[in-house]
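Paired with chain B in one complex and with chain C in the other, chain A is shared by the two complexes that follow.
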Partner chain A sequence: MIVRRTAAWLDERFGSNALLHAALKKIYPDHWSFYLGEFALYFFMVLVATGVWLTFAFDASSENAYVSVLALADRHHPIGYVIRQIHHWAAVCFVAAILVHMGRIFFTGAFRRPRELNWMVGLCMLALASFTGFTGYSLPNDGLSGTGLRIAYSVALSIPLIGRWAANVFVGGDDFPGAQLTTHLYTLHVYFLPVAIGALLGLHLFLVIYQKHTQFVPDPEHVVGRRFWPDYALRTLAALGATLAVLALLATFFEINPVADYGPYRTWIVMNGAVPDWYAAFLEGALRLGPSTELRIAGHPIPPVFWPGLVLPTVTFLFLLLWPIIEARLTGDRAAHDVLEPPSRVPLRVGVGAALIFDGLLLTIAAGDDQTAATLHVRLDTLVWAYRILLFAGPLLVGVLAARIAAEMRARVPAGGAPPPDVVMLVRNDRGGYDEEEPQAG
Partner chain B sequence: MIVAAFLALAIAGALGAIAAAAFGAPPSAFGGALALMFAGFAGAASAAAIALHAPGDLTEPRVARGPTHARPLPAEVELTRPVFGRLWLAAGGAFALLGLVPLIALARKPGRASRTGWGAGVRLVDENGVPIPHDRLAAGGIETVFPQGAVDIPEAPAVLIRGDDGGYRAFSKVCTHAGCPVALYRHASHQLICPCHQSIFDVNDGAKNISGPAPRPLPGLALGIDAEGFFIARGDFDAPVGPDDWDRVL
Partner chain C sequence: MLIFALPVLLAAVLGATPSGAELYAQKCASCHGAQQWGSPDGPSLRRVGLADVDFYLSTGRMPAAVPWIEVEHRDERAGQQLPLAQIRALEAYLAPVVAGGPALPQVVAGRNADRGRELYAVNCQQCHGVGGTGGSIGRADWAPALHAATIDEVADAVRAGPGEMPRFGEQQFSQSELDDLAGYVLLMQSGQPGSGIPSSSTGPVPEGALGYLAIVVLIAFVFGFWRRESGGRSG
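== the complex of A and B ==
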């Protein structure tokens, strides 16, 4: 009743029912993997909702930040504890959901023409989400995140020519921690970065709707799936509810980021075995495996952290950003595609994807190399060298292997046709062996 | 019916969460009730989806959005006289270039602080500002020390180590790799280790970087003992502190 009257009220003024009907009737292709991006969207919504609340409970000054977060992290604070825990859990899940969603887009070829731009928009959101996560987890000014910031400062400082300028802008002073570091992080975290994500998110979703979703059903002329209302709306509502329920459980029963245990940041104190939130760990690992050689250009040092800390993530980001163009060049396939491919259709893509995943995992694992070495009773040096070799040999090996497997699979499944039947009739031949019976033409 | 049951669960969860907050119950009660509420919503939506499910897929036509092959500007809005389109672009570019000025101006203090607080005759103190007597440490002992009156300077922290031979050594505690505190000391192998990226420095060999990604040794601090028996520095560190940068031309 209320819904109907509201719709009528709006329709009288805007003629909105036509649009509403179109939106409710719109057909979306259906597959479980199409929900992955939605989970990312829901995590973002949770982050905004809980984040707004947290801004009122947080004191964004270098002196008081830690104390104000301690009050929230108190295990007896019924509301603040849960909201902050949901916020942090949602942040780590947000980046994870984006990455998994991206993996689906990558391996099924959903990024191909005409959707290259949306792939790039998504990748920018991944970078922004990581930055938002990093600036957020650095806000409490605790012992763990303070050390991470010190490293980030050193990486900024390592940029040739403009290192000091970049580092000074970052911390708002000429040494670490500058007086304005917390203020800068706060502005970035609660304003600039989330607004940027929100804007790109709007563009992302608009493009998905405008260009229509890709599908597995091999019918390039039609969108095959289910209506938004009621099928899809109810399913996505269920996904939202499930996301929130899981977040609430995680937040309540699995403590994340216990800042009270970390203590306040002191420049001369660091915890042993400290590792950042998971999405930043690959950089930590890269710094551990990185070279110790300091290059000099006309006497100007290029500190070793520059290569693993800045060049590696930038090059990886650009490579992924341009992947739709690179792949079109390499395969010569520049046609528009609305129908997704099973991952095995393009062995090159599978190989590149597998290689990237391998190195990402390896660097993430390398972030804990000291603990691994202690657990396995091997010398750290040995482990570091093994990782270094694997970093280059591994992706080659894994990439080629994955591409070969994909090529095998492709050879067995004829393009566009149905896979061969699982049932094979065997007939005993007169030599005592078995022959496959030719399938009957149906 | 199932939908109604799930919605009842959601309502119960919401009321439970409100009650938990009102009575100051521990977070587990509030969070658990929240989870119940959301699970109720999820269950209700799933049950409704299943109840309304009709088998079979629907289709709608896909229309390619491009190319339309239309000229960018419709004839009605084509310009009737030249307005120097390229120059507008150039002016826009110049304006964008101007944007660099405020960006550069953001760096309030150009340069990088090199102050360590150490100098000839400056006493070594602990983090509470208490001077260190010359017999403070046993062999193999280690302590974080600061220049008296300058505990807050980020480049100041140093480690004071007493070796097996009874001799004292002091080095900067700021790693030359990424600036973390070099906080671990392995007495048996006389190594200082940075927990961040596992750079290892040999204390018996001038804190030379023997392993890991650090590019150079930890700067050393020459020690003395004043008339009252407290440790003093005999000068500043013998090398610049912390990681290098482009403008630190050695």
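== the complex of A and C ==
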């Protein structure tokens, strides 16, 4: 009744019912893997909601930041403990959900024409989400994150020509940690980056709705799926509920980022086993495996951290950003596609994806090489060299193997794209028995 | 050798502790020398201090079962763990020889956990890690985990500085500071909240792995209802 009246009231003033009707009856293709992006969306919503609360409790000055977080990290805090726990867990899961979602898009070919731009928007959100996560991880000014910031500062210093200037502007002084470091991080983490993510998120969703979602149903003419209301809306609400439940469980049973144990940051203490949150750990791993020779170009020194710390992530990012164009060029397939492919359809893509995943995983594991060496009782030197060899040999081996497997899987599926349907038509024959009707290709 | 070994064997059969001299001759002298001046296989024990002797014996690093393990892998408890009575007998025998180095420390678990945590963070965490997980130092050595260390072993190590570890004398740690540090190590081992061992997480990367597990749970959830509704068809 109230809903009906409100709708009528709004419609009389804005003529909104036509739009509402179109929105509610819009068809969305359905598949379990299409919920991955929604999980990311819900984690982001939780991050904003809990983040707003945390801004009231956090003191964004270098001197008091640690103490204000320490109060929240205490289990006896009436509400702050659980909100901070949920916030940090949601951040960890947010980036994970984005990456898994991106993997789905990549391996099913959802990024192909006409959706290249939305792939790029999504990739920018991944970078922004990682950066937001890193700035948030750095805010408490504890021993662990201070070490991470010190490394980031050194990497920033290594940028040719502008490095020193840029790094010092960021920390707000000639030395680390500058007076304005926490304030700058806070501004980035609380205003600039989340707003940028929000803007891109709006564009991302608009493009999904405007260009229509891809589907597995091999029908390029029609969108096959469920109406938004009530079918899809209730399902996505269930996904939201599950997301909240999982976060609540994590926050209740697993203590994250115990800043009290890390202690406040002191510039003269660097501890063993210091690693960033998982999404930045591959950079730490790259720094640990990277070369240690300093190049000189026209008299200017290029510090060794420049290559693994900045060149590697930039090149990887650009490669992924341009992948829709690269793939179209390599395969010669420039047609528009609304129908998704099973991952095995393009062995090249499978090989490249598997190689990237292998190296990402290896660099992430390499971030903890000191712990691994101590646990396995191997010399750190031996481990570093093993990782270095694997870093180049592994992706080749894994990539070729994955591409081969994909090629063989593709060979088994009859040409025409669609796997044989589960529903079999039986036709009665002259003798009174039944024959299977041949499935129609396409 | 046999002449020395015979009384030890006899004593073992009879259940009595062999004397320190007998134990030294049997377990230590082949590397450290009959007069404790050392040999090409082992360092001199003269003036190393009783804390050092106690550290190596009570943690089971010495007597070495396989000498190269002891030399290469300092945190490996690969030696022959002697019974306490034999350790005490050896120490009593060696006391006059090793005198001049760090003395055997006395330690009780202190109650000031905040000071213990602070001392640990400033002096120990760099190598032994948050929560005493241990970690690599340099390219080829590592600091051991502290999960199994007793407070006496901690005190020995602090005063004697075995291997790569620095020596912390009375100037660095007063007796009461040593007590608080030892108390904090115990608290860390207990895994109580705020004690140093994160109760259910061992750092950001395992936290990330748990985050992925959460995503898998969510996928299982939607896969469950999607499969039931669509009869498992992938189209």
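Everything that follows uses one rule, which is that the second predicted complex is superposed on the first by the 416 of 442 C-alpha atoms of A that agree within 3 Å, B and C clash if a C-alpha of one lies under 4 Å from a C-alpha of the other, contacts with A are read in each partner's own complex, and residues count from 1 in each chain.
In the analysis below, a contact is a pair of C-beta atoms (placed from the backbone, for glycine too) under 8 Å apart; a residue touches a chain by one contact, two chains touch by 3 or more.
Treat the numbers as computed from the prediction; the structure is a model and nothing was measured.
A.B. asks: If you count the residues of chain A that each partner touches, which comes out higher, chain B or chain C?
C.D. replies: It is B that touches the greater number of chain A residues.
A.B. asks: Now for A:141: first (chain B), second (chain C), both, or neither, which partner does it touch?
C.D. replies: In the superposition, A:141 touches no partner, neither chain B nor chain C.
A.B. asks: Using the superposition on chain A described above, determine whether A:381 touches chain B (first), chain C (second), both, or neither.
C.D. replies: In the superposed model, A:381 contacts both chain B and chain C.
A.B. asks: After superposition on the shared chain, which partner residues are touched by A:270: those of chain B (first), chain C (second), both, or neither?
C.D. replies: In the superposition, A:270 contacts both chain B and chain C.
A.B. asks: Looking at the overlay, does A:177 come into contact with chain B only (first), chain C only (second), both, or neither?
C.D. replies: Touch partner of A:177: chain B, not chain C.
A.B. asks: Using the superposition on chain A described above, determine whether A:132 touches chain B (first), chain C (second), both, or neither.
C.D. replies: In the superposed model, A:132 contacts neither chain B nor chain C.
A.B. asks: Where does A:89 make contact in the superposed view: on chain B (first), on chain C (second), on both, or on neither?
C.D. replies: The answer is second: A:89 touches chain C but not chain B.
A.B. asks: Identify the partner contact of A:108: answer first if only chain B is touched, second if only chain C is, both if each is, neither if none is.
C.D. replies: Neither partner.
A.B. asks: For A:261, using the defined touch cut-off, is the partner it touches chain B, chain C, both, or neither? Pick first, second, both or neither.
C.D. replies: second
A.B. asks: Determine, under the contact definition given at the top, whether A:81 touches first (chain B), second (chain C), both, or neither.
C.D. replies: first
A.B. asks: Both chain B and chain C contact which residues of chain A?
C.D. replies: Common to the two interfaces on chain A: residues 30, 75, 217, 235, 238-239, 242-243, 246-247, 253, 266, 269-273, 369-370, 380-381.
A.B. asks: For the complex, which residues does chain C have touching chain A?
C.D. replies: By the definition above, chain C touches chain A via 73, 75-76, 117-118, 121-122, 125-131, 133-140, 142-145, 193-201, 203-205, 207-212, 214-215, 217-219, 221-223, 225-227, 230-235.
A.B. asks: So in the complex, which bits of chain A are touching chain B?
C.D. replies: 26-27, 30, 75-79, 81-82, 85, 114, 147, 150-151, 153-155, 157-165, 167-169, 172-177, 210-212, 217, 219-227, 230-231, 234-235, 237-249, 251-253, 266-274, 284, 287-294, 299-305, 309, 336, 338, 369-370, 380-381, 384
A.B. asks: So in the complex, which bits of chain B are touching chain A?
C.D. replies: Residue list for chain B touching chain A: 20-21, 24-32, 34-46, 48-49, 52-53, 57-62, 64-66, 104, 106-113, 127, 144, 146, 154-155, 157, 173, 177-181, 183-184, 195-199, 209, 211-216, 242-250.
A.B. asks: Write out the stretch or stretches of chain A touching chain C in their complex.
C.D. replies: Within the complex, chain A contacts chain C at residues 30-33, 35-36, 39, 74-75, 89, 92-93, 96-97, 100, 137, 143-144, 216-218, 235, 238-239, 242-243, 246-247, 250, 253-258, 260-263, 266, 269-273, 275-279, 281, 342, 364, 367-371, 373-375, 377, 379-381, 418-419, 421-422.
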